[in-house]
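The following block contains the structure, expressed as structure tokens.
Residue numbering begins at 1 within each chain, and the chains themselves are lettered A, B, C, D and E in the order written.
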């Protein structure tokens, strides 16, 4: 009997939700486990780095890596997985487009560290001690990974073959992806394994969107009583659906929450935030600068809104700090 | 025609034009050409003295064949000038014309920069951007639209009259719209015309009646354009016909009603005589008014004010033409082309308080003097001043409201000549001493300088100096009771005080008060001073930036009669070209929706001002009607999922231009 | 026909006139005698006053209440400045006769700030020592300057005294009666007015010494 | 007369990408050319039919590729050849400006101007002003910054080795 | 609204009557004001002939002091002397319009611990009376209408030029409107803003006196009983040199020249002393001026 194909999972800067989504395959997971040989899965099983290092290059059929790259350890592991795998799948928003951790690209490394180690409300650290990268005690050296200044999507560090979008990806998409891969009928390299059409296409509230929408303000979901039957944009709730790839089946929308864009843009788009910005602003009602500004002021955090999952892969990538110039 | 040709590889021909010295003296064309040769995809890169010349165009055609080129770039002047020329050349060479791209290194580079190195770098950047851009070009079909043969002419002055007759004589149907009760415009008010001194009425009124009687001309006076819709070849116009309260079909212009009006004397300043006489509420502007139809002025007519007039006019009219119930009427017409001949207004002399217009009765504007010396004018051509005197000395002040940054900075072009004419007429009528105060005499027309010579021989005084003030401040007994003109005689270098009986202000020409509204209605541009803007100051002087709309006469800038007539003829000819060609080519720069990429989000539907986008309810996708799309690309920029594209302006084209422009590391950046 | 015979006897006045006519004055300007950048320099100093856009219409001269006393009309001053007749311009009486009434400034069709140009020319003339030593106007300006620099305020009586001392002390006699009349009506003061914070004023006025002028 | 520039080896020149609408501002730029107005050579013009065609992505892309400033020229409000493309441009650019401010890109690097076909002089003024504004801000240099940021990916080993002998308890 | 008051040097010597009458009128009309602390000379026309930066800095110190004295909002600074009015106004306008001037002057002021932020609005008292206080309100306060008095209003140059403020640059009417409200008859004459010669009367009398003469003659010719001015230098020139002009040009000019505030005061019922009338060379003949109840206006 030929060896079962080897599959690995690895997580970088992520919340664990992606791992959870694998478990969400529910009984299907058993089929997966039966079909493949899992060689690495830090969340679920006890494999060591050296185990992977010992494997032959390219011997893993596919590695699903989730999470953004934030530390040198993640970089190192990503590179190791790349070396040992035939195919790498960036799994979930963080690996795909940088995800929520990517929002930290609005801050300098030092700002992040200072907040975490000194200023956050739950921290007590009068000496302002910070972890050292390398400590030698009793003759043995202990090193810690370096915390990068910049958060990166996976393909900004290693070559990525496919992407599974979503925060997290849906079990359905994962299952479809695995089936395709195991069948050997590989899609074109670099493909995002989800429909290349915006979410509105599959939105359950699609038919209720008017054709003459004009915004005078943008509202936030908690601030109004949402009509569950009507398009959220029609209720002035800022929904990223028109600029976001479909495939999630509109789960948030069905739960009366607007799309926040986790599937990233369609393949035609270079910058998801710029596009939704363009679409929404075009539909603002006011014609004079003052009126326009009043409407736009109701979007309190444009970067966090338009680039919630995609800041590291946006055209600007990161906030521009003059000190780096 | 071949598309990508040659196994799908892109083969670019790049041509850089010297434009004589225009480009080559500032841009190192050789360096640009050599640099472009080094770029990927470029098969041929060469320089040539005049690319727009026949040999230049033939060079492109020859190279397309010999080198199997499938992309052509010409770096020369503005695409607004020669893009069409080169596209045609490319097409003749056997290539789809939209594989062509133009780089503007004259208007955008050599004519605006002096630094050769910087200009050359800029030309390289712009050329490289084009090289990257043409990789994404596609073969496209040119759009054609049919031209409706009827023409709308707005404004019935001499320019409108001439344009209307020209087109009508060529067999085209013309709608001539005039907002006043009669056509004739300013010219009808003039006495004699310079330099020939023929009588304005004598040469104008025959043309006015021709207009009235021409079977191809529909003349609507007392009417205004209310709305303009559509585009070249297919304009839909709404025209508001104001009520005259006199039935046009019935009135024969006998004027019995005017005589019988309850007002025995006129009370309202007569517009035609610029307020120098009075008219009744029911009137005809002047004896030769066309059409010869009476009009009732609602503002001053007792019937309208109180409703209790004896209506003697109604009784007087045999034909029962007077109709107080007449209502405003809106006419809808369809035309293919439009000529605007809306004319000018004279400068309001009271805006220059130094000259005392409105304060001293004997200060007149030139237009008032035209009426004053006219045999059919308020004084029957006798020169009687407002205070009853006959002037013995007259000062004519040139450039009132012209060449002055405090009022209007432009030269009104006609004032020098009409001032000379008035000087002659005043001398003829009164034998007065006439002083002309001028800054420069501009007599640059056929026989104009000769007319100036004649005036010098007539012993008219010419004092080169702009007048600072007209006042009644006498410091010598000889100045008592006179108006004193103070000016420096700049040729002598001494300030003079010239006492006169009459002052004539040669007022300038300015845009009509509502020129901005008219411009907006017709979607054309105005130059900074407010005159309508021509498409090109030299090569397209009667075209506008909106296809199918032409301009002629003083609405485009100050102009005398011969120039207005010449322009009117030119505008008529331009309209004829369109009409007789039957159809017009349009840029295929329309937007289109890639159906399987559209999510049906409706963003575009809210954006298109031309309602060219609709939603296919069955497919739940957007769909663009190519015939309605005008190619602005606003929906393309707004489509949040990149499903709408635009021919000639695809995203990839613009991204590659940006990339091409910025690729070169500027020297020692940072 | 008889030609008039030349009379052998001239009146004294007439012979003086003839002598004057015989004194030929060369009136020509060679480019080498001009300061060709003078116009641009003046235009530059006076806040983009568009001096160079002058069309020589003469409105300034015609509206100027003092033009009849000037050696060159204001229009000529502008033409000469633009063309680099520096010496003539800075030596002219015209610039000193300008009383800053701003009539020309308001009426100029090219919106040239002629009054400011005149100020610039006055400053140039004073700095370069062009004006006649005892011409009262620049001296008044200088004395005024000094007085205010010292006290921060001007006391008219003292200003006039110093002016007359430097120009023509005899004028003081002429003006004495008027001065007395004014004094009796309390319109001339003996005590000098001054600001309290002279130090502050001096910091302002003296700190910029050595810096380039505006 | 052309002037041959003195070598400015170490001087940085601002690079500005300008999107001009075909009907107003591009025509005005042509007019500036015909009128031989002289202005700074720092702007590179991309012609679009309408300022409404300017996708915010173009602007961000230009910055990310090394532009130091981006200028958009359209018709005056009410004068758009396409009725209201310029209003759409205005709305987008206002929002983009808000977003870019949070991303640390100075307001003055980005400008939307209404320039009608007759305002050749304005083209000159705006380009000159913009050039000077951007010059005062200094280079944005995003491509260079991207490269610098990515250096940290290789820096880890160096850092540990360099600190080699120091002992921290 | 409280005004700041900038007297200027002339109002402390030759123009004392102007200050006396102005302050009395302000008080009687209950217009609140306060003198600018430690003001300095504006620099007049002379200063800028020597040094432009100094001239602006000198004037700007007053503007900066005004801001110190009045910490919030727009400050209305009354400058009665036309020269002061213009110099301060010009400084205000140039500092606003030319950033390089603003920067330079402020850096100069900064050294002395001062700074100008642009809050000062320089006002002429004529503007304040007519446009702030209002002609209607003045009408209500007139006690002795100046019936039958023919007044030639003389505005001079620098109050109306070169900046457009509250009246026309050559044909102003504000003072005439005021005169009318006081019950007198304004004389329409063409020389309202023609230069009086300014300091030329003190330096080049040949020119200066001629200019004075033209003005005085024309005013008399048009039937004026009195000339009104709003500038201490104009008043001085036109009043004090009449004798000399008569001698020099063989004229018989004899016309009183007063400040507009003095005539205002008369109509408002203020005393001769309060208006500094005794300081004039020629007292206006105001015998016919009577209270509606028949009472004579003070001693006149």
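In the analysis below, a contact is a pair of C-beta atoms (placed from the backbone, for glycine too) under 8 Å apart; a residue touches a chain by one contact, two chains touch by 3 or more.
Computed from a prediction, not measured in an experiment: that's the story for all the values here.
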{"item": "Common touching chains of chain D and chain A", "value": "B"}
{"item": "Intersection of contact partners for chain C and chain D", "value": "B"}
{"item": "Chain pair with the higher count of C-beta pairs in contact (B-D, B-C)", "value": "B-D"}
{"item": "Greatest separation from chain B - chain, by CA centre", "value": "A"}
{"item": "Euclidean distance of C-alpha centroids - chain A vs chain E, Å", "value": "75"}
{"item": "Chain B and chain D, separation of their C-alpha mean positions in angstrom", "value": "35"}
{"item": "Chain C and chain E: spacing of chain centres that average the CA atoms, whole Å", "value": "25"}
{"item": "Averaged-CA centre spacing for the pair chain E and chain B, given as whole angstrom", "value": "50"}
{"item": "Multi-chain contact sites of chain D, meaning residues that touch two or more partners", "value": "55-57, 61, 84, 88, 92, 139, 141"}
{"item": "Contacts with two or more other chains, residues of chain E listed in rising order", "value": "170"}
{"item": "Sequence positions of chain A contacting 2 or more other chains", "value": "269-270, 275, 278, 282, 325"}
{"item": "All pairs of touching chains, each written as two labels joined by a dash", "value": "A-B, A-D, B-C, B-D, B-E, C-E"}
{"item": "Residues of chain B that touch chain E when the two form their complex", "value": "353-354, 469, 471-473, 475"}
{"item": "Interfacial residue positions of chain E with respect to chain C in the complex", "value": "9-10, 12-17, 38-41, 43-54, 56-58, 61, 94, 98, 100-101, 104, 108-109, 111-114, 157-158, 161-162, 169-170, 193-195, 197-200, 202-204, 206-207, 210-211, 240, 244, 278-281"}
{"item": "Footprint of chain A on chain B - complex, ascending", "value": "596-603, 605-607, 615, 620, 634, 637-643, 651, 655, 670"}
{"item": "Of all residues in chain D, those that touch chain B in their complex", "value": "1-5, 8-13, 15, 17, 22-24, 26-27, 29-30, 32-34, 36-39, 41, 44-50, 52-58, 61-62, 65-67, 78-79, 81-85, 88, 92, 116-119, 124, 139, 141, 144"}
{"item": "Chain E residues within the chain B interface of the complex", "value": "168, 170-171, 189-191, 214, 218"}
